[in-house]
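A, B and C are the chain letters, set down in written order, and residue numbers restart from 1 in every chain.
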Amino acid sequence: MFDRLIDHHCHGVTLAALDRAGFEALMSEAHRPGSPAFVSQFDKPLGLVLRRHCAPVLGLEPMASPEAYLARRMALGPTEASRRLLAAAGVSAMLIDSGHRADEILDCAGMAELAGVPSHEVVRIEAVFEAAAGQGDPLRAFAETLAARAATAVALKSVVAYRSGFAIEQTRPGAAELSVALARWQRACEAGRVRLEDPVLLRHALWVALELAAERRLPIQLHVGVGDRDVVMPRCDPGWFVPFIEEAEARGVPVMLLHCHPFERECAWMAEVWSNVHVDVGFTLNFTGPSALRPLRDLMEMAPFAKQLYSSDAFGLAELHLLGRVQFERALTRILADWIAAGDLPLAEAERIAAMIAWENAARVYELGQ
Amino acid sequence: MFDRLIDHHCHGVTLAALDRAGFEALMSEAHRPGSPAFVSQFDKPLGLVLRRHCAPVLGLEPMASPEAYLARRMALGPTEASRRLLAAAGVSAMLIDSGHRADEILDCAGMAELAGVPSHEVVRIEAVFEAAAGQGDPLRAFAETLAARAATAVALKSVVAYRSGFAIEQTRPGAAELSVALARWQRACEAGRVRLEDPVLLRHALWVALELAAERRLPIQLHVGVGDRDVVMPRCDPGWFVPFIEEAEARGVPVMLLHCHPFERECAWMAEVWSNVHVDVGFTLNFTGPSALRPLRDLMEMAPFAKQLYSSDAFGLAELHLLGRVQFERALTRILADWIAAGDLPLAEAERIAAMIAWENAARVYELGQ
Amino acid sequence: MFDRLIDHHCHGVTLAALDRAGFEALMSEAHRPGSPAFVSQFDKPLGLVLRRHCAPVLGLEPMASPEAYLARRMALGPTEASRRLLAAAGVSAMLIDSGHRADEILDCAGMAELAGVPSHEVVRIEAVFEAAAGQGDPLRAFAETLAARAATAVALKSVVAYRSGFAIEQTRPGAAELSVALARWQRACEAGRVRLEDPVLLRHALWVALELAAERRLPIQLHVGVGDRDVVMPRCDPGWFVPFIEEAEARGVPVMLLHCHPFERECAWMAEVWSNVHVDVGFTLNFTGPSALRPLRDLMEMAPFAKQLYSSDAFGLAELHLLGRVQFERALTRILADWIAAGDLPLAEAERIAAMIAWENAARVYELGQ
């Protein structure tokens, strides 16, 4: 369906030897020990497609049992298993957000080596801010580090959706409110609470990032919707974030809405209306398993073809990198085939549209070259 | 597809002789006289599937006209008609919320007798609170009655979604604000306005119920989304209620999200992320008639199989008990068949998943035994 | 499928000679110059169905290239091309909102002449209010003009969704707050900012319109959801507007929810519950192109058949009038055919339901006669 594929948003994998509990923990966004004993992470849509598509790559029959799969993975060793899965994924390039649980997973260079394909870094804005805790002038340290990191990155990313949500004031904060918020955060840091959740500081970080993005011609990625338990979903509707998106539009900065579930339709419409808005369904394709066609159909209902991208949002498990590709290719192929069959799309144009979504849009927006 | 079926949320039926207006009134959640003359409740999705599946049970051809159907129902008499319909529904057990318009419908024991299957009571928290109006110490009367009722119940249920909505403060109210709110409500009661809508009193009732549920190992059912005209839908997004759900999680109390329409996707994601969240589409399957496959697909996109349950949410008409089962069985069968056909689900595992959703999860959560 | 079709909400077309940029600008709700060069409005779902269905009407093969299509349209001239497209649309009557960019498009009489079918006027409430700027007593001028315009109109329409959104206080404003708001708006008008966005003035305008509508037996149309960049989508959920809708219900005034995307399910449920609520998916059918079946399926999941209507919401391009019809007829036919095939709808009743949605409901609500 397409001869190249750029994963414009994913994370590294772990090379730790995972027992069943450890493996299942990475099959969930919940990230908490103590799931009830009656819930196996294999007994959900993701579990089905994982057994189907990953087992053969490790030399088992499709739909091998969870026990057989994990035994085989352990026997191969995590490095070899991950290498095979990444090779099967066969993406042309990866854009890697290394700002989440970075000590547990491979970094950008490690992923490039393991997968044997170019990888590019995406800098997580809030992680850089938090790393400035304890500095004499944290705001200056943040700005300087962000600028330095951006020099070798292809994009900046914000998880403001997880912190304050999108339904916040979005103007650049004034000096007075900023200094009050900073002092409050510094006291919290001294007490060990470094996590950046203050809306004023988040706005400051976003504005510093926006001006840097404009200057360096970098897109800004925004986490939208589904994720772990930090999300207050009604505050994650990206429609609340239009004022900031319009500031980005005015500066020529592309905004990349990630995952978008369950706001696929809202995001597709935003991609139609705002010239800088781009969209993917990322994470959703893996976690909806046999039903992945549906969220992609939602996105493709209205989004312009030049505004859609592919991502796996894989984290931790190489399986998720492979599944992202398989799920995307199946769903995109089916949708375009249905359009052809209905007479709405010329056969000769399907490949052109698939290429735009699979890699051309990413290559253009992130200026990755050919 | 499954050999048992537990309806974990429904209501009693009426044995009154219903004329067309009375019957149509129970085909709608609107519960208001004076529907425009041009709207027949048979001219909607529910009307189509009712004529199709209920008419044969009363000895008519499928798709009998509304007139023929109602004449036949009247000729049989409401008791005999209801008995036939409930027998055709063939559920293994019913969990009955008897706290809504209880004087118009059969109670838990009456339903068990008419249907010939075990029935279990679900206690509606707000109804118990309202019944304490006029007591010398209503808060104490509420707590005592709730504890007494819980002794023979399998779950508690809240309709806070209908009253204040979910977008409220969710901490346990302090003594001072509670006493102010109580006094205000007592004055309202004296003026005849007993309905519990005050967020402070609702929070108090929920917290009393939560501690009782934790002590007695009872799940809490929460009405979510579609319902009658009391619902302010944007305030019904269950994402707003996560703080309370996390308090329940910390105490090991299962939370059962009912109906969930149009928040199926939000609820499916919550069942994936919070260990105590369970989901159904209840009411939605009947009221979407020929399209019932779609809301169930939405739920099954992401929800773990061990977190999904069946309910009819039938109220008043035995037809709704039968339709709930027919609609659920058709939709679930079709979804699993599609997954099998696509290669995403082994044929041998389909029955296991169907059994979990049809009855095993309910038997486990409500501790109903086998 | 149906022998008549009433487009109960659309706009006039332009007879200007459009170059590619001008034509593409009318293919988008974004209405802004400066779309990025990489985005052609033909490379989106609307572009595909436009090439498919409009090209043959102008004498080209289906799926003609954008270049060939625009060259042919230019050669025919905009008047002849528009005449052919409107003739192919073949609607029986049009209800035209002439209150948006009225100087660029044909008015109601012009459309009737060009299309050769009866057209009826819908008066945009906010446009009448804004036209009263600079009058000595703008409130009185508004009320008088609205009453005069209503004399020859079949409905009033509000775009409050675009201005304040629906999440506002909805009672009739008091004299004191009204006079403060009026004075503020008059100062803004003197500075050239005539646009009516003040919630107090919007409420006043709505209440004046509501009483007029009740007196004259006119429905009120409400824009809902998708549209241009003025929409703050989370504030457009029509669930927020129930208090006003209930005031309309109490006065017997039908409320027509237009487009409804992405709130199709919320709107379908509202049509089920409130006796005066009617719904369509208008604009959505054109802008979802090959996927138009999906939003119509969402609406038809729960909405009563007597509460659904057809509209194209076409603006500017006669192509959108034709596509509205083609998309609607395809989608409605397919949905009813699926219901028949599944055994849920008698073949003999499909035409009756189609006729209700295609024209009978509109003829009844707007009292258009036969």
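The working rule: a contact is a pair of C-beta atoms (placed from the backbone, for glycine too) under 8 Å apart; a residue touches a chain by one contact, two chains touch by 3 or more.
None of these values were measured; they are calculated from a predicted model.
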Same-site or different-site touching of chain A by its copy chain B, using the half cut: different
Superposing rotation of chain B relative to chain C, computed on C-alpha atoms, to nearest 5°: 120
Approximate Å spacing (C-alpha centroids) for the pair chain A, chain B: 37
For chain C, residues that touch 2 or more chains besides their own: none
Residue ranges of chain A touching chain B (in the complex, touch as defined): 28-30, 32, 34-36, 38-41, 43-45, 48-49, 52, 62-63, 226, 228-229, 231-234, 261-262, 287-291, 294-295
Contact set on chain A toward chain C in their complex: 167, 237, 239-240, 242, 246, 265-266, 269, 272-276, 297-298, 300-307, 338-339, 342-346, 353, 356, 364
